[in-house]
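After this come two complexes, each holding chain A, first together with chain B and then together with chain C.
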Partner chain A sequence: MKKTLLIIIGLIVLGIAPIVIRSPFFVHLMIMVLMWTVLGASWNILGGYAGQVSFGHATFLGAGAYTTMILYLKCGVDPWYGIFLGGLVAMVISLPIGFICFRLRGPYFSLSTLAVAEIVRLVALNWESLTAGPVGLLITTLPGVSFLGQPINWESKVPFYYIIAIITLIALIMTYIVSRTRVGAYLLALREDIDSAESIGINTVKARVVALALSAFLAGIAGGFYAMYLRYVDPDAVFSIGLSVEMLFIAIVGGLATVGGPLIGAIVLVTLGESFREHFLSGHLIFYGFFMMVAIRYMPDGVWGRLNVLFKKLRLKKDVNHGTA
Partner chain B sequence: MALLDVQGLTKCFGGLKAVSDLSFQVNEGEILGLIGPNGAGKTTVFSLITGFIPANQGKILLEGKDIAGLKPYSIAHKGMARTFQIVKPFRKLTVLENVSLAAFLRHSARKDAEAQARRVLERVELIDKAEAYASDLTLSEQKRLEIARALATNPKVLLLDEPMGGLNPTEVDHASILVRDICKSGVTIVWVEHVLKAIMNSCHRVIVIHHGEKIADMPPEEVVTNPVVIEAYLGKKANSYKKGEPIC
Partner chain C sequence: MKRFLVLALALFCFSLFFYASPAMSYDTLKIGAPQPMTGSDAPFGAKFKKAYDLAVEEINQAGGINGKKLEVVIEDHQAKNPLAATVTEKLINQYKVLVLTGGRASGQAVEIASVAQRLKTPYVVDHPSADIITAKGFEWIFRNNPTGTIYPQAFNKFISETPGALPKSAAVVYDNTVFGKSIANSAMSFLKSKNVKIVNDEAYPVNTLDFKPIMTKVKANNPDFLLMVAVSTTDAILLTRHAKEMGVSPRAFVGFGGGFGVADFATELRKLSDNVFSSAAWSGNPNDPKTKAFYQKFEKKYGFHPKEHEVEGYAIIYIIADAMKRTKFTNNLEKDRDLLRQSLLKTNMSTVFGKVKFGNWAGPLGDKYTNQNIYSPEHSVLAQWRDGKLLNVYPKANAEVTPVFPDPSAKK
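Let's look at the complex of A and B:
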């Protein structure tokens, strides 16, 4: 009961936030938080639930971003379908990657994802007829769309906010469904022990491919959104290793294999990143790195995991007090 | 027809023949012991039968159908489950979750899988620990968890790889009763074990492997007096000293 109430309050806050607080910077910050929540959720399905640590998730983000961009510029496909097509293309690309990388286990798998991500980045950099290479792709105007009879003003950030809010909800609901069903249980089994998982009848290759495909779909959608929001993509903006690592951090700091973890991780890391940037200017990454070290040392289960432990303790205390009174 | 029929099973690791031309049958409803000195190839046989490592040669017929070359998960689907000598629980999951995961093989709804898991836990007397994490169990409990997880897949044949290893005598007796009980409920059992006393008390038939070859296939009471077996375990000299004396 309490949980549903919290979720409803959360949804209302999410819905009215950009109306109440009109600062464009704040809305931008919220958009970034939500976008990174989707990316963290994407990484979390593969890395958190299935325990397959990927260092190359920018591949799927980039695939989504370029797909949406190219479809719009060259084929005139409306970006709001393009974003979902971007997710689908990322999913399709993930299949051969999974086929190659899942032959390897543990750290070898992680290294292979890093290698694949670099290959994809170099392809994007050199396939100039499709991607315009290092110059990148730029869009100046987004197509006119009207909502409830009102034309949408793309110069304002608010419409972008609502779009990414919907995508975030999809990502969180997807994670929730995964965590509640047989698929999610199978992913946890893979994370714990692949041999045992096989011995109780789990097709571990198939389960890993499914996890990767779901994960890639979410990253691709976030990528498509990213491209439309910035109106610009180039290989370094969407295929860089930095992005892959950021996704991993958000999922880990938030709390692996939890539904809400990526949201918490994104709130903490995006706002912290921004405020460090503002206060420390060029040295901000030093503080960011220092924070990461502290977080991983003292909260190995992530902020969400830590909060859960605290809540449990509080509840126990309450029960004890109740008993004596 | 035998429930499980292994014919001419061979596996080489480089130049070493770990299992060579091994044939044996497992009849429905029996407990078949599989013993042999260290390094005889017992665990390798299990890994071959359950598809964890591919055989070089040989047929493995489960209910008359060849399962050689299938992956472990599809062999589990066909009704053969195994435990591991070195326990491999899902450490960060609870006992109930461990067993439910296995029960998902036959039940797609979480509720049904959990109900099945609880029934199995009841049987192996781990129900009190259902909410404990697998990593917090004692070795004896972890061994029972291995069995519970295998049982939850609802197997026709259950392969036990040293379920008694590392247990104290009381625990061994306890576990023996459990194994016999599982057999009575209609599950055929193949059992690799070093604790010979448990094997002798529970098995209907015993196969002895030495250097990857079958050297005996007989009732347990005959195995302990069989000169070839004694020689394999204790060497030639021991055989001449203790002619006709049981080795345990």
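Let's look at the complex of A and C:
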């Protein structure tokens, strides 16, 4: 009961935030937080629930970004379908990768994702007729769209905010569904002990391929949004290992295998990064790194996990107090 | 205790975030500069900071801009594109800067240009060279430095104007970056227009450790000229070393890009660096007394000789200051940004970098530039390594010595 109330309050806050907060910079920051949430959630499905550590998730983000961009620039497909198609293309790309890489276990799988990411980056760099190579693709104008009879102003940030807010909700709901269904149980089982999972008849390759496909779909959608919002993609920006690692950080700091973890992780890391940078021009990464160390050492379940524990303790205390009274 | 520490740390971090509210006074005129201040590109951010600081200090000591102080606000984009967009938003919306400069690498500069165009804030590019930045019709974006495709101009002039210098054939080896590609395409299209046969067209990834396979192919074609493009210094060194070790002996070794212009090139290669041409980045005309004076002043203050980055950074502040002086500010930020843009359009001056006037014209590969310095084709120079020193050889107006050509090691 309390939970539903909290969720409703969260939704209302999410909905009115850009109207209350007038500063375009803060709206921009919120957009970045939500975009990173989707990316963190994407990584979390594979890395958190299934325990398959991927170092190459930028592949799917890049695939989504390039698909949306190319469809718009070369075929004139509206980005709003393009973003969705970007997710689908990322998903399709993930299938052969999954079938090949999931025959490997543990660190071998992680290494193979790194290799795939590098291969895809090199393809994007050299397939010039399609991707414009290292020059990258740049959008200067977005197509006119009207919503409820009103033309949408793409120069303002509010429409982008609502688009990414909806995508974030989809990502969180998807994570919730995965955690509640049979697939989720399969994933948790194979994360804990892959041999036992196989012995009770779980097709672990298939389960992991499904997890990867869902994960890639989310990363691809986020990539499509990235392309439309930032309007410029080049291979080194969207296929970089740095991006993959940031997704991993967000999922881990937020809390692995939790629904709200990536959201908390993105809020904490984006705002922290921003405030450190503002105060220390070139020393800010030291503080950022220090925070990561503290988070990993003292909050192995992530910030979300820690909050949950504290919350439970509080409730317990209250109950005890009630008991004595 | 532990819990207390963690809590205190968390509180400290968040208080920083909310405490932050940059001053928004109009007593100072602010220039925003996104630069890489951390990560592998950090040394470049530091170079630009030094150059900006020197120029701002001088301008403010001389009375500022019509009585107002000038200030440069640098924000770290860590050479990441999404972060470049974020800090640009921040500079424009939070710090309320009038104008932007900086950027350092092309990828981030395109992102900054895209945001600046949307938020209607002038962005005067000082160093990023990708053609795309001024080739998309962005009317809020200006650029003082030459674009990538303009870099080979001095070399083109040299081979067409010097009797007997036109190569019969050429091998072109370049790195797979925006910069490498732009230069290689520009040079190759010029050579083709002169009916020079391109016998090798080889791209390699940055930081390749072994160029011997490529040089074996090159040697088999026995090119008259060997053109090499390298942004990375190690690539430039290894390209030259492996070419010479494999016995490639063209009439001229020509290097393009930053890798061929740094002192390490000569210290590592010693004798092997002799007579290698470097179509280096333009860092002002060394024969111009104004530029010479700047070199000395900079060296005295910071203890090292300024190269293209410092010259570009220093010059850009003067270009912006000049436009600001001609602008009658109304204290309405949006209006003032547009007024400043109008003033920039009328810029016609000369700095330590050279002459500057922004205009719309077509580049060497047919790109339609908007607000690109019309004197850019003059800002290209051919230099040659001589006894460990890089000296300008062409065009004559900027030359320090006469070129050694053909290379004495060439087969007769």
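FYI, the second predicted complex is superposed on the first by the 325 of 325 C-alpha atoms of A that agree within 3 Å, B and C clash if a C-alpha of one lies under 4 Å from a C-alpha of the other, contacts with A are read in each partner's own complex, and residues count from 1 in each chain.
Following the convention adopted for this analysis, contacts are C-beta pairs under 8 Å (C-beta built on N, C-alpha and C of every residue); 3 or more make two chains touch, one makes a residue touch a chain.
Everything numeric in this text was worked out from a predicted model, so none of it was measured.
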Fit or clash for chain B plus chain C once both are placed on chain A? fit
Identify the partner contact of A:Ser282: answer first if only chain B is touched, second if only chain C is, both if each is, neither if none is. second
Tell me the contact category for A:Tyr298 with respect to chain B and chain C: first, second, both or neither. second
Touched partner set for A:Ala237, first chain B, second chain C, both or neither: second
For A:Gly10 in the superposed arrangement: first (chain B), second (chain C), both or neither? neither
Would you check which partner chain A:Leu272 touches, where first means chain B only, second means chain C only, and both and neither mean what they say? second
Of the partners chain B and chain C, which touch A:Pro96 in the superposed model: first, second, both, neither? neither
Once both structures sit on top of one another, what is the angle chain B-chain A-chain C taken between CA centres, to the nearest 10 degrees? 130
Counting residues of chain A touched by each of chain B and chain C, the higher count belongs to C
Overlay on chain A, chain C to chain B nearest C-alpha distance, Å: 25
So, in the complex, the side of chain C touching chain A is made of residues 2, 6, 9, 13-14, 16-17, 20, 22, 37-38, 42, 45, 74-76, 80-82, 85-87, 89-90, 93-94, 107, 110-111, 114, 117-118, 130, 132, 136-138, 176-178, 180-182, 203, 205
Using the touch definition from the top, list the residues of chain A that touch chain B in their complex. 180-182, 185-186, 188-189, 192-193, 195-204
Which stretch or stretches of chain B touch chain A in the complex? 50, 52, 71-74, 76-77, 81-82, 84, 88-93, 97, 100-102, 104-105, 108, 110, 113, 149-150, 152-153
Using the touch rule from the top, collect the residues of chain A that touch chain C in their complex. 23-25, 28-29, 32, 122, 125-126, 133-136, 138, 140, 155, 226, 230-232, 234, 236-237, 242, 271-272, 274-279, 281-282, 284-285, 287, 291, 294, 298-299
